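Below you'll find a set of structures to go through.
Here chain A shows up in two complexes: once beside chain B, once beside chain C.
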Partner chain A sequence: MTATRKLAGLAIFLLAVFVLVPALIAATGRKDLYYTLTSVALLSIASAGVWLTFYIGRINMGQGAFALMGAYVAAVLVTRYGMSFWWTLPAAGLFCALASLLIGLPILRLRGVYFAMVSLVLTEVTRLLALAVPITEGAKGITNIPLPGAISLFGITLVPDFSTMENPRIAFYYLAVTLMVIAFAAMYRLVNSRIGHICMSLQQNEELASSIGVNIVHLRLIAFAISSFLGGVSGAAFAAVTQSVYPSSFTVTDSVNFMLNCFLGGLGYVFGPMLGTLTLYFGWNLLFQTGEFQLLIYSSVMILLMLVLPNGLLSLGEGRRKG
Partner chain B sequence: METILQIRDLTRRFGGLTAVNNVSFEVREKEILSVIGPNGAGKSTLFKLIASFLKPTSGEVLYRGERISGLAPHIAARKGVVRTFQETTIFRNMTVRENIIVAHHLRSKASLAGFFFGTRAAREDERAFGESADEIIHFLNLDDLAREKAKNLPHGHLRALGIGIGLATNPAVLLLDEPFAGMNHDETHKAVAMVRRLRERGLTVLLVEHDMPAVMKISDRIVVINFGQKIAEGTPLEIQNNEKVIEAYLGAEDEAIGM
Partner chain C sequence: MEQVIANGLYLGAQYALIALGLTLIFGLMNVLNFAHGQMYVLGGFITYAIYGQLGLPFPVAVLASGVSLAVIGGLMERYLFRTVIRRSHREESTMLLAAATAFFFDAVILLIFGEKQRGVPKIVKGVFHDFGIILPYDRIVVAVVAALMIFAFILFMKYSRTGRAMRALAQDRVAAQLMGIKVDRYTMIGFALGAMLAGVVGGLLVSITGVNSGIGGPISVKAFLMIMIGGAGVVGGAIAGGFILGMMESVGLTVLREYGDVTYLVIFAALMIFLAIRPNGLMGKPWG
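Here is the complex of A and B:
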């Protein structure tokens, strides 16, 4: 793709997300879509992290743990220490990144299904910890989290206090898609810079990568920390949107879904997790009408898609371009 | 000539099996030294020990007088000791040029964050790596295949690419494990010439190879390993006439030793 086509694509995307979608929602009056799309945007951020760990050759089913951690960190900081929501976003991200360094050091040595299993267990351990540790308030969770306050710079209000808004859901939508755009822009830059190539070398052959001087332990940790940072930010934003967090806010199912989002969108494409999250989220909700068959149909379609499109939905465009 | 590598009493056990047993020898700067021996003699294990891919059970490897054995492989590589692999090991889903560019890792002056933000140092690195990669590609006669995905290369070229990846790290010592394996006569001929040119570039080359005519033609000196032990060391002529060597080869398999 040429640079102009890329810019045009970006412009259309931004226009769609920031102008067209809100306009459509206003026209159709389906305000409930704001909440759905906010969720999709935030979940896609966590999925982008998982995608990055795939990129270094690790099947990461631990993102639920970091999303939950991020949500609690933000909730505790806001409710107990009165920190502004805006600061809790980076704080939760950093907390999760640091935690992932400690956790990653021993477990990132594992490969394939071993890493996948341990990371899955990590999600469950985090949930159990949230139940047990006093500061997270057990099963009743943390509720009544205040809405985000205003952001002012030099006395000018850039973002008004969410609680003064008529419909904070719209504000949350803008917040979520802004975070999503930032996360994916950073990811795009990362993958298309030399770092991406080094990550790719790790994915394809760790031994060879270390023979050319790549510190594979170091690089794996960096990738895992970035992934967990995104998980934490996503969780923190979720806590603010729902104004609550429970041990069951992010579970093993979510961890698996983050991974499926990446598979579905395409592991070879930076924007794969975004498309995957959107498709899965809406697909699952559409199937709601099928009642008890929801899970069966959903699973069958997933298996079929993986067989027919092993490189994800975005590989459809690739084939057309080649053909 | 100066000694660049000293292998001292190197031993490596795998459970009850002693794959490398008390091996010592020295490698001089800018020589081509071959390690030969029957299948399973311990040659690849010896190379892995030298390149720090394995930790020795006992003994040590000194590079310019400094102990490198037992360090991590990327640190040995940083110091200048780099191995290629017995199997054709490359980054399959990258193009030839991308393979060689990414292998310039050790030469980067910019940090990872620098590459993310595209700082001037990073852009300078990218430019230098591209130039150097093109030079290496040309050196290996891979110009026409530069934009080909590595997994689509024919076998002979895969080996060349493996060596190119090694070269990109700018090593002082390059360890090549069976670089001529699976090549026909013509390809071997070209590859031998290429290894000679490596030396002209100032590299010290260690070679494991089963192709005896090629080994005899190319080596300054040869070290012979059998059952993990060094049984001989000398010039190709000395090795060809060494009783123990002839015996080891006749005892192990019907492999002519280039006579």
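Here is the complex of A and C:
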């Protein structure tokens, strides 16, 4: 792809999410879609983190843990310490990144299925911790989190207070989409940088990479920390959107879903997680009308997709280009 | 104290049997079978239907659970896993397939058997009460049957032709193929055997704890824990892991009772520390 085509693609994408989608929603009057799309955008940020750990060759099923951690950090900071929502986003991300450095140091030595299982256990540990620790208020969770306040710079209001808005859902949609665009732009930049190429070498052969002087311990810690940062930010934003957080907000199922989003979109493509999240989330919601058969149809379609397109949805385009 | 040990042994025997099936599938194909817990639930429901509703003898029902799960497992390997492994660039793709089949089983079980907790009449009445231990007879029967099956499984893996072939496959796939082992056939048998074990345990335990459609996931997570403790893909490791987890659960529930529901939190934390020191578990092969 040439540079102009890339830029054109980016422009179309930005136009679609910032202008066309709100226009379409306004035209059809399906206001509920705002919430759905906000969820998709936020979940795809967390999935992007999982994708990055796949990129260094680790199957990460611990993203639910970091999303939950981020949600609680943000909720506690807002409700107990009265911090502004806008500061809690980076704070939650950084908290998760630090936590992941501590946790990652021992467990990133594990590979393959071992890492997958430990990270799965991590999700469960976080849920149990949230139930046991006093500051998280146990099973009843933290509710009534205030809406984000205004941002003003030099006296000019950049973002109005969410609670004064007529429909904060729309504001949340723009917030989530902006976060998503930033996250994926950063990911794209990272993957196409020098570090990205070295990460690719980790995926293929860690020993070989380390033998030619790549500091693999350092690198995989960084990747894991970035991944957890994204998970934390996504969780914090989610807590603000739903104005509540419970120990069951992010569970093992969510961790598995983050992983599935990556698989479905395609592990070889940076934008795979975004497409995967959109497809899975929308597919699930569309099937709601089928009632009790929802899960049956959903899982059957997933199995079929896996048989036909085991390398992800985006591999479809690649095959056509080759043939 | 005797009571705690007896409970631990009883739990350990059933856990070890669950872990054996999972580790067998993992060792042969490098597939982490997410649907293992669901297979267990399915086995439980089949026994419930045949023993509880049709009124046929309990052993027949458990046998039927085992056979139907073996057939399902064999078909899954033949038509799903083999295809995906052949077509995919990365072997992790099988995890998505396994997770999807887990959802699929959940849906099927929910549609056929509903969401109610189901139980069956006791197989043996009465309670054993001696040496300071109180244990219902049916639990003893189940534990003994489970222990016998573990023993039979070890003998089978060690001395039968099929067992030897499967062990060779787990050690080195290519070398086994070069020695003339029919890789495809034995992989399928292995998967069927693993699924059968899950079904049989489900069938056995329905007589004690009952079964409901929601416990598949938690059972899978427990099975993962066991094979992580023991080391994935190793028969001895699965058995050790099962008994260790059973014992920890039993001791934890007694010792930590006053601190509330923290047994599993402690077990998880201990496991993280343990794996940081010994990444391959007690006796796992390096890096899975």
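Going forward, the second predicted complex is superposed on the first by the 323 of 323 C-alpha atoms of A that agree within 3 Å, B and C clash if a C-alpha of one lies under 4 Å from a C-alpha of the other, contacts with A are read in each partner's own complex, and residues count from 1 in each chain.
By definition in this document, a contact is a pair of C-beta atoms (placed from the backbone, for glycine too) under 8 Å apart; a residue touches a chain by one contact, two chains touch by 3 or more.
Bear in mind that the values here come from a model prediction, so they are computed numbers and not experimental data.
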Once the shared chain is lined up, is A:I198 touching chain B (first), chain C (second), both, or neither of them? first
Examine A:K31 and indicate which partner it touches, taking first as chain B and second as chain C; both and neither are also allowed. neither
Mind working out whether A:V252 is in touch with chain B, chain C, both or neither, as first, second, both or neither? second
Go through the superposed model and pick first if A:S299 touches only chain B, second if only chain C, both, or neither. second
Which partner does A:R80 contact after superposing on A: first (chain B), second (chain C), both, neither? neither
Touch check for A:K6: first (chain B), second (chain C), both, or neither? neither
Of chain B and chain C, the partner touching more residues of chain A is C
Overlap of the chain B and chain C footprints on chain A, residue-wise? none
Contact footprint of chain A on chain B as seen in their complex: 51, 53, 72-74, 77-78, 82-85, 89-94, 98, 101-103, 105-106, 108, 112, 115-116, 118, 122, 125-126, 165-166, 168-169
Under the stated contact criterion, what part of chain C meets chain A in this complex? 26, 30, 32, 34, 80, 83-84, 87-90, 92-93, 95-97, 99-101, 103-104, 106-108, 110-111, 217, 221, 224-225, 227-228, 232, 260-262, 264-265, 268-269, 271-272, 275-276, 279-280, 284, 287-288
What residues of chain A sit close enough to touch chain C in their complex? 54, 59, 103, 106-107, 109-114, 116-118, 120-122, 124-125, 128-129, 131-132, 252-253, 256, 259-260, 263-264, 267-268, 292-296, 298-300, 302-303, 306-307, 310-311
Quick one: which bits of chain A touch chain B in the complex? Just the residue numbers, please. 189-190, 193-195, 197-198, 200-201, 204-205, 207-208, 210-217, 222
